[in-house]
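Got a structure for you, questions after.
Chain nomenclature is as follows: A, B, C and D, assigned in order of appearance, with residue numbering initiated at 1 for each chain independently.
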Amino acid sequence: MFKVAYFPGCSLSSTAKEYDVATRLVCEDLEIELVEVPEWVCCGATTAHITSELTAAVLPARSLIWAEKHNMTITSPCSACFSRLKMAQLNLEKYPGLKKEAEEILGETYSGKGEVLHLTRVMLERYGVDNIKAKLKKQLKGLKIACYYGCLMTRPAEVCENDRVEDPMLMDNLVSALGAQAVKWSYKTECCGAAFSLTKTEIVRKLSGDILKEAKASGAELIMVACPLCHSNLDARQPEISKLLKAELNIPVLYFTQVIGLALGYGYLDLMLNKHFIDPAPLLKAKGIL
Amino acid sequence: MARIGVFVCHCGTNIAGVVDVTRVAKYAGSLPGVKVAVDYKFMCSDPGQNTIIDAIKKYGLDRLVVSACSPRMHEATFRRTAERAGINPYMVEMANIREHVAWVHSDDKELATQKAMKLMEMAVAKVRRSEALSKMFAPIEKRALVIGGGIAGIQAALDIAGAGYKVLLVEKEPSIGGRMAQLDKTFPTLDCSACILTPKMVAAAQDPNITLLTYAEVTEVCGFVGQFEVKIKKKAKSVNSKCIGCGVCTTKCPSKKALSEFDEKLAPRKAIYTPFPQAVPNVPVIDRTACTFFLTGKCKICEKVCPTGAIDYTQQDEFIKEKFGAVVVATGFDIYDHSNYGEYGYGEIKDVITGLQFERLISSTGPTAGHVTRPSDHREVKNVVFIQCVGSRDEAKKRPYCSRVCCMYTAKQAMLLKDHYPETQAYVFYIDIRSAGKNYEEFVQRAQNEYGVLYLRGRVSKIYERANKLLVKGADTLSGAQVEIEADLVVLANGFEPKKGAKEFAQLFHMSSDQYGFYNELHPKLAPVETAISGVFVAGCCQSPKDIPDTVAMASATAAKVCALFAKEKLEVEPLIAGVNQLTCSGCETCYNVCPYSAIEMKDKEVKRGEVRHVAEVLESVCKGCGACVGACYSKAVDLKGFTDRQVLDQVETATAPITDN
Amino acid sequence: MDNKVPQLNIVGFLCNWCSYAGADMTGLGRNTYPSNIKVIRIPCTGRMDPMMIIEAFHNGADGVLVSGCHPGDCHYTEGNYYWRRRYPHLKSLLEHFGIDKRRFHASWVSASEGKKFAEVVKKVTAEVKDWRDNG
Amino acid sequence: MKYELQLKNIKEGFRKDVENLSQQKISNCYQCGKCSAGCPVAYAMDYPPSMIMRMIQLGMHDPVMSSNTSWYCVSCETCTTRCPREIDIAKVMDTLKIMAQAGKYKLSENEIPIFDWIFLKSIELTGKIYELGMIGAYNLLSLNPFKDVYPMGLKMILKGKIGFIPHLIYNPFEVIKNIRMFNAIRKKDRERIYEKNV
């Protein structure tokens, strides 16, 4: 049994409930045990680090310390949470003064040795694409998928280690293993506007619009993501963006665990595909996947 | 009793700005044996040296201490000064109070002054124990080895041969010519590279004083200036000396698997090949990793078609060992491999090419016969983006230095493009334009003003592939604008790197290299073509990135140095060598075993009347004075002149004693 | 580290071809380091006689540094290999005689590593100081 | 030219302040513009990132702090990843925002700080983010009460994506611990910023 500390993050209990549900479902099936960090607090998201360096270090440190104590790799399905956990780890290592203050506030010591990985790396690298492949029930034949990684999962370069920061291949390899086709495109890591979802929507519309256009142009029928922020910008904002661009984009955006779920034989409601703004049902039916 | 003079130098303000030189001189005057101690502005200047000579005469001095710069800088100067005044030149010691004090302890003048006093005192302690040594001479093998047949090596060989000395020119590729042979036209005059290089290549081949050895590499070196012994591997060409260079074999060879190194992998080449048509010598070689016969045992077509029976599949690598008096290293450079630039596509985008590939594309002898088309789909190009400083001036890529040539070659390439295709547009992204050279700035101006090349000041952030185009996203920091260009072709100005294997090569000669692998010159200003190994000189891009004019100037300079060396009857060598006290030698052979130069002989000798013993003896002409034997001898029977045990121990004792200045 | 460490005496033996030239390079680059070290030029670390080091400590040196060319780069081909072999033995011997290991150091510094030489001297001085101040 | 650089209007030590707090060597920037070239929001910024770096080098305190640049930075780290001089530009942008919010410098874009304030309050009181409350509070405070409620917000609610009840930390002791922790951080922050900021 493969065991990791799981930090779902705030979005996964609300706006991205379907990501949480699909992830837990798929992981159970694959026998990956997700041990939720008890009484976790928010990672500070995109706000803490622009307000106070210390807050940005202290909030994640609580979860990091817990995982370290229990000798587990800590993972998050949300790129923003992952980034905050990882950056906190890096900063606490890089800046000893910060570490001292954080430890004082928390009243605990932190060694910094524990591993922090994004869920994609836990599932696709540690558990392994090949192991997933061995358990598939279905091939997602004929489906053209654009893998969108976004900023926070791969940048800065120190966080993605084995993969290429400018042209990551982790999810693309998964797509091929599932029998689908990963399209070649160059906007994999462009920014979607992330945290400006509420405050600067016009920026989100432009950036996410560029990504959606590029995905469409590359022939993708579906976008696969691994972050609730990316998802809400590409999916929930898609109708507005379509209107703005005066083009019907209509390109479903699925979480990578939902895509794995499809290949494991789960259905529309199991994976909560009904929660998406752009309904993937017509596409998936046309391809004979649903 | 020794009569010592101490001379303390100001070096302008270099030393005097930090060290209280008068206090140093005053302290010197108080030391036993010191008859005179003075300070002076510039000790190495003529009046400075005359001060010393006058003092020697006036005070009857027999040994000197010069407290100034590093002995590596001026020890030879002051030895000559002593000699002129009639003192044995080995009765001179220097205290290094510039490099080892003033320049490194400028943050505390008091401590610096105290240290300067101490170092001077240590030198006085050492010189007290100095002995007069007599000059030694060694023979010179008047034959030069030039390694690397690029323009640097060719020029050096021609100049040395021109002075009447024999030269062996060793090149590891099948032909000489180096990078310059790959270039189309050359800045700043835009004359054709082949037109000016080919005559030189031919001249080198025909010069009776030059022996060409291509497809060969140096594998071992021992010896020293005047007497280098070098082992060279002649790689099996599989073609013997009967070849007349008709080229039939190459035409008929069916194997096209290998990619042409000369054409920067833009075109295939045959298994039996010369790198390019004007190759010198014009003898093909078989690349055994690509030849069907060597891979499968079948084919032998070349053997069948060869009119002279020159093909020899059984040829073996051959080793030769020869002696040389001097060596010129001219092994050139490689260009930076941009597969480290993820933002420019990890080297995987076919239409993002290197500057060197562009030279091949636009050259009429190149794979496209001079048509600039896209490697991916062979379409003609309209918009071409040039990006400068790729793999240069980039700390994140571990290449912080400027490659010095790429600004110029980019301007050249943009102009050549416009010349060939007036309807194209060239864009150049740059950070700074570095065009210091005769007519260089004017050249770049011409690219901008007459050719309409658009220069944009900023680094490119990313290249996107979109449909059939490359979307180049850069900035123009002068206008504060983000810039997006849809390009057909992107040409990178890849920086210069040391040749692959440069570090291992350096070890053959014990040359030192900088942190990147470029070979170090002895002094950046005053000895730019010498290395720390006497008799070994460097020319061209193996020392640092440079263009052809600088390369040629440097090559001729090495030739002048080699000729100056060969013009001497014999070589004066420092007599700082080991000597055995055979009375105490126990004959254990330890020294015999450690000496790296086999300079120790064991002999049965009558050391005292009637007592014949097995003892060590130093071969004076062979010993290099490394001192390994001295460190190893258990009986303290060997000592090293100039660095005797007594001298070093006195220095140690002085170093640890307090300063008694008041 | 502060470059001023009063009353601390370190003897440095530098080989002529690499480390001495490297120390010259430190000066050319105007990098600073503590002034406690007093340099003695030797042709090669292979010339180092253990007696010289023992003598230095015996005379009251607080620390000793021996520095030569990187292995493989010896001007005399193999002198520094001899030194590299002798160094650990000598170090443990000295320790046996009560010379703290913080007081005796060896390093490889090439002719181009001016900055590195400054770093080495800083490190050595700091360790010797640590020995003196904290026992 | 927007600005005249005179000795009297540059702030001595501004560069040092930013360098100390961000721990980035801004003087190392050689103005290659790669950060600006790749920044996805540079088009909306008053000055692109590289120009901000230059202005910090010169101590041009006022235009830097009153520009919208740092507030428009989305922390995407594109610049940081590609800077040839290995400067963490995103961290510098964070630092500018931190300095501004610490009250020492004037704020230009008040929109985002309000959001951040609500956001952190939410974490402080509940340990997590309480979306609906947050959107409401944000819209009220930023004087744009109906922004995003229709159609996206409404749909979100209908899709069950926005919770009405704040997810509390279940254990009241944890809540108190949390509030204490935030107070401690605030105190340390003030010390850090003001001490290094003089």
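Quick note on the criterion: contacts are C-beta pairs under 8 Å (C-beta built on N, C-alpha and C of every residue); 3 or more make two chains touch, one makes a residue touch a chain.
Remember, predicted model here, so these are calculated numbers, not experimental data.
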Most centrally placed chain - per-chain CA mean versus overall CA mean: B
Chain pair with more C-beta contacts, B-D versus A-D: A-D
Computed distance of Cα centres, chain D from chain A, in Å: 23
Centroid distance [mean C-alpha coordinates] between chain D and chain B, Å: 51
Averaged-CA centre spacing for the pair chain C and chain B, given as whole angstrom: 28
Sites on chain C at which at least two other chains make contact: none
Of all residues in chain D, the ones touching two or more other chains: 78
Chain A residues counted as touching two or more neighbouring chains: 165-166
Chain A contact footprint on chain D (complex, rising order): 21, 23, 40-41, 44, 72, 74-78, 80-81, 88, 93-94, 97-98, 101, 111-112, 115-116, 119-120, 122-123, 127-129, 131, 135, 138, 147-148, 151-152, 155-156, 159-163, 167, 169-171, 174, 178, 181-182, 184-186, 188-189, 192
For the chain B and chain A complex, residues of the former touching the latter: 342-343, 345-346, 462, 464-467, 471
Residue ranges of chain C in contact with chain B within the complex: 3-4, 9, 11, 16-18, 20-21, 23-24, 26-28, 30-33, 35, 38-44, 46-49, 51-52, 55-56, 59-61, 69, 72-79, 82-83, 86, 110-113, 118
Complex contacts: residues of chain A adjacent to chain D: 10, 13-17, 39-42, 44-55, 58-59, 94-95, 101, 105-106, 151-152, 155-157, 165-166, 190-191, 193-196, 198-201, 203, 207, 236-237, 239-240, 275, 277
Residue numbers on chain D that touch chain B, as the complex places them: 30-39, 42-43, 47-48, 50-51, 78, 82-86
